[in-house]
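Below are structures written as structure tokens.
Paired with chain B in one complex and with chain C in the other, chain A is shared by the two complexes that follow.
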Partner chain A sequence: MFQFLVDVLMRACDLMLVAIGMSAVYSLMKFPNIALVQYAATGGILAIVLQKIGAPVAVAIVFAVVLTGLVAVILNEFLFNRMLKIGSSTAMIGSLAVSLVFSAAFLVTVGPNPSRFRLPVSKPIRILDARITEPQLVSFAIVAVALGVFALLYFRTDLGRCMRATSTNEVLADATGINTARMKTIIVLISGVMAALGGVAIALKGEVDIQIGMDLLLPVFASAILGGLGNPFGAVAGALLISLVETVVTTINFGPLMGQVVVFLPVAYASAISFLLLVAALLWRPRGLFVSEVKRV
Partner chain B sequence: MSDFIIHVTIMSGLYALLALSLNLQAGLGGLMNFGQIALFACGTYGAAIAFHFDFGAVSGFVLAVLAAALLGWAFASVGRNLQADYWGIVTLALAEVIRIIATNEDWLTGGAQGIGGIPPLYAGLDGQTRQLVILATVLLLVLAAGLFCRHLIGGRYGLSIKIMREEPQLAASLGYDTIALKRQLMAVSSVLAAVSGFLFAHYVSFVGPEQIDSSETFLIWAMIVVGGLGNNAGAIVGAFLLQFTFAFIPFVKDWIGLPSEYVAAGRLLLTGGGLIAFILFRQSGIVPERVGGRRYV
Partner chain C sequence: MIEVTEVRAGYGDGPDILNGISLTAEPGRIVTILGPNGCGKSTLLKCIAGFVRPRAGHIRMSGEAVTDVPTYLKVRNHRVGFVPQTDNVFASMTVAENIMLGGRLMERRDRERRFDTLLGQYPSLASKKNRRASALSGGERQLLSLARALISEPSILLLDEPSAGLSPRMMHDVFEAIADVRRREGPSILMVEQNAFEALHVSDSAYVLSFGSVAIEGAASDLLADPAMRSLYLGGDKH
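And now, the complex of A and B:
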């Protein structure tokens, strides 16, 4: 049972940071940035490559995360801002195009084979019947700390207040003297950093190949939309829900229901179920699970 | 060499049908369908399943068209009250669910191995002549589909779709049932995609889940954006241009002497880079949409 909870939590950690980044960037830029999942892949792959060159793990991670954040800002400045002037749908197609270019770049630079961090092999620790490895704990800690720091920034500082003001009503925020363009740049930087950290957290737990970004796309979208796109902390709940459903579907034995001893759904259906959950959410709660505002007609 | 050119032209023609279909949805109707490949899959799997269970090619065609029209109808119904970008995500998710089902339900779709040995078109003719006849069939179909789309866009129906795209509320106030319009548009354009898929299945005699990967949808998107969103000739030009460019990437690779990963990377780079370049520098594409001008209402 405890192992089940750990599995859910680990899967949620994979999705959470990227989903928060997606939600945060949507709250200010008003378009779903598909390229964000590729920032996660960049973070993970870059950190692994840096470690291979000879940097210590911690240094490699910090460099990879900061560099990815900068890439996010540069792309936003030169591409997405210009595409947004045409329309949010165009920007979405543009971000899709950017992620294709990322895939091409990965294919040329690191190749199709999966890679992993070179970490000393350690024995899994047993906590209440559940097996947890040291890298899993580290990755969990990274996600928890990133979440805490972002929450502090978002709710307790002036910067966060300005961001929330900009996301609620940009024109009013501009009129009260908030530099909304700067707020946007900062939120893009934060989303890039969060996505890269998410990628690093995935890389720490196992192998990373160049498909990782595109594999993350739909689960991350599902988490961000379930939590209400534009509501960063809703995305945390969304990620937990998605990973709960994925884990339940693959670990429940449907045998007794079907009159057989053991019937498990193929693992591939885990993602199918979460996509269907996304579709259901969009049909019945299109603005997310946690939006209580009454829509004026 | 001429065999190769004929093959590439046939493939371009099949993609041109898909691009025309997506152009009806996205260019004319403003529907951001990111699940186009699922409609194509209805065509390929319609043909394959009919062959697998010995129903005969005609019932395969009927199955393909019905399944695609139904799926198109369902796509439009799911998206009836969603914003364009949300709907794009839903269609992407549904297409992915369909691919996962096709990969896992071995009894129906042959699973990951797919279904092979589908009888070729015009089985009575010998190699070279057969290719030429298939080429003629495909080109005639593209021409017919192009004329059909022109008729649709030029007529009263096209105008109602355009007003739905530009000013949905105005369209509703004038008495147009926008949801019914969307459903009809999706169902009609799905049939085009299904025809393309049906011919594709009989042309390559093999159907498998890797043919219906989401990346194919993005390729079709690149074709219509490069060719010119909203213009039928543009969709055809885009399809031929991208297919022919792709066909010659391997030769360029051999000529420069690059490893074979560069072929896949080159395709991705061309798709992504082409999309970005056209969105930024020539938003209307090679053949821009005609606004106003002569119509036959």
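And now, the complex of A and C:
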């Protein structure tokens, strides 16, 4: 049972930071930036490459995360902001195109083979009935700390209040003396950093290949939509829900139902579950599971 | 003090909506802009606030040229408070957060003192300071928006139809609150309004716009007594 919870948490760690980034960007820019999944891939791949060329793991991670954040800001400034002037759907399609360019760039630069961090091999730690490896614990710690820092920033600082004000009502934020353009740049930087950290957290647990970004797209999108696009901490809950359902479906033994001893769904089917949940959310709760705000006209 | 000189403005490639408007709002005075729908009242206020850039003309605040200064810098550097007509609160934030946000550039002690003063003046907000702004009534939202704009002790207050959508009782309370602000703090108050009769009763002077130009201007008491004004904008002699 505890192993099951660990599996759910580990999967949620893969999705949470990228989903938060997507939701936070949506709340300010009003378009779901698909390229965020490639920022995750960039963070993971770049950190591995930097370690390969001699940087210590921690330094490689910091550099990869900061560089990815800057790439996010540059792309936003020179591409997405301009596309947004035409319309949010144009910006979304543009972000899909940018994602494909990222995939091509990964193929050319790092090749199609998976890569991984060179980490010392250690025995898994046994907690109750679960086996947890050291990199899994580090990965979990990275996600937990990133979430905690983001929550503190978002809810307990003036900067966070300005970000929330800008995402709630940009015109009023402007009229309150908030430099909304700068707020957007800051949130884009933070979302790029969060996505890159998410990619690093995935890379620490195993191999990363150039498809990792596109593999994340559906579950991250589903998490952000289930949580209510524009509600960053709703996206965390959405990620937990998606992970729970994916883990349940891939660990249930369907054998007795099919007259056989053991039949498990292949892990590849997990993304089909995300897709089903995404469709269900769009049909029945398009504004997300956690939107309870009283709307007055 | 606000000085607007020969301002022309419009949206995108469209025609001019303001056709060379000039007006003045002195400190400690309430100036109301009246007129029918589509005459350019809100566009004029947006020009002064900085949301719409004038195509020609000049705007000065406290003697300084601010024609092309963006809204957030006017708020910061020229102590402008702006209360929009709709979407006038940060709905997902609490009442206290809304007010405090307006004074976030102040010294912490000053901000807290001012916050307590404002809650003393608006008891209906004090009792709901930890509730989300989305749960407030229309009138309470208007008061909250006013409190958010007032916390930084603005020298210029811009109000876009503060009585829009309010019940007569709430409308009276909001106009009383505006008159109170003038008495206590003495900023230049420029207010766009549809409810001409009630607005003129708390105003010192008014400008009536028609097709983007000033059609009538004068002291509020004179306009209230003017027969042409009464028949055109104040609903005849019923008042």
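Here, the second predicted complex is superposed on the first by the 289 of 297 C-alpha atoms of A that agree within 3 Å, B and C clash if a C-alpha of one lies under 4 Å from a C-alpha of the other, contacts with A are read in each partner's own complex, and residues count from 1 in each chain.
Definition applied: contacts are C-beta pairs under 8 Å (C-beta built on N, C-alpha and C of every residue); 3 or more make two chains touch, one makes a residue touch a chain.
Owing to the predicted nature of the structure, the values given are computational and were not obtained by experimental measurement.
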More chain A residues in contact - chain B or chain C: B
Which of chain B and chain C A:Asp158 touches, first, second, both or neither: second
Which superposed partner A:Leu100 touches (first chain B, second chain C, both, neither): first
Which superposed partner A:Thr180 touches (first chain B, second chain C, both, neither): second
Partner chain B, residues of chain A touching it in the complex: 31-32, 79, 82-83, 86, 88-90, 92-94, 96-105, 107-108, 111-112, 214, 217-218, 221-222, 225, 266, 268-269, 271-272, 275-276, 278-279, 282-283, 286
Of chain C, residues touching chain A in the complex: 49, 51, 70-72, 75-76, 82, 84, 87-93, 97, 100-102, 104-105, 132, 134-138, 141, 148-149, 152
Residue ranges of chain B touching chain A (in the complex, touch as defined): 30, 32, 78, 81-82, 84-86, 88-90, 92-94, 96-97, 100-101, 103-104, 214-215, 218, 221-222, 225, 261-262, 264-269, 271-276, 279-280, 283
Chain C-touching residues of chain A, taken from the complex the two chains share: 158, 161-162, 164-165, 168-169, 171-180, 293-296
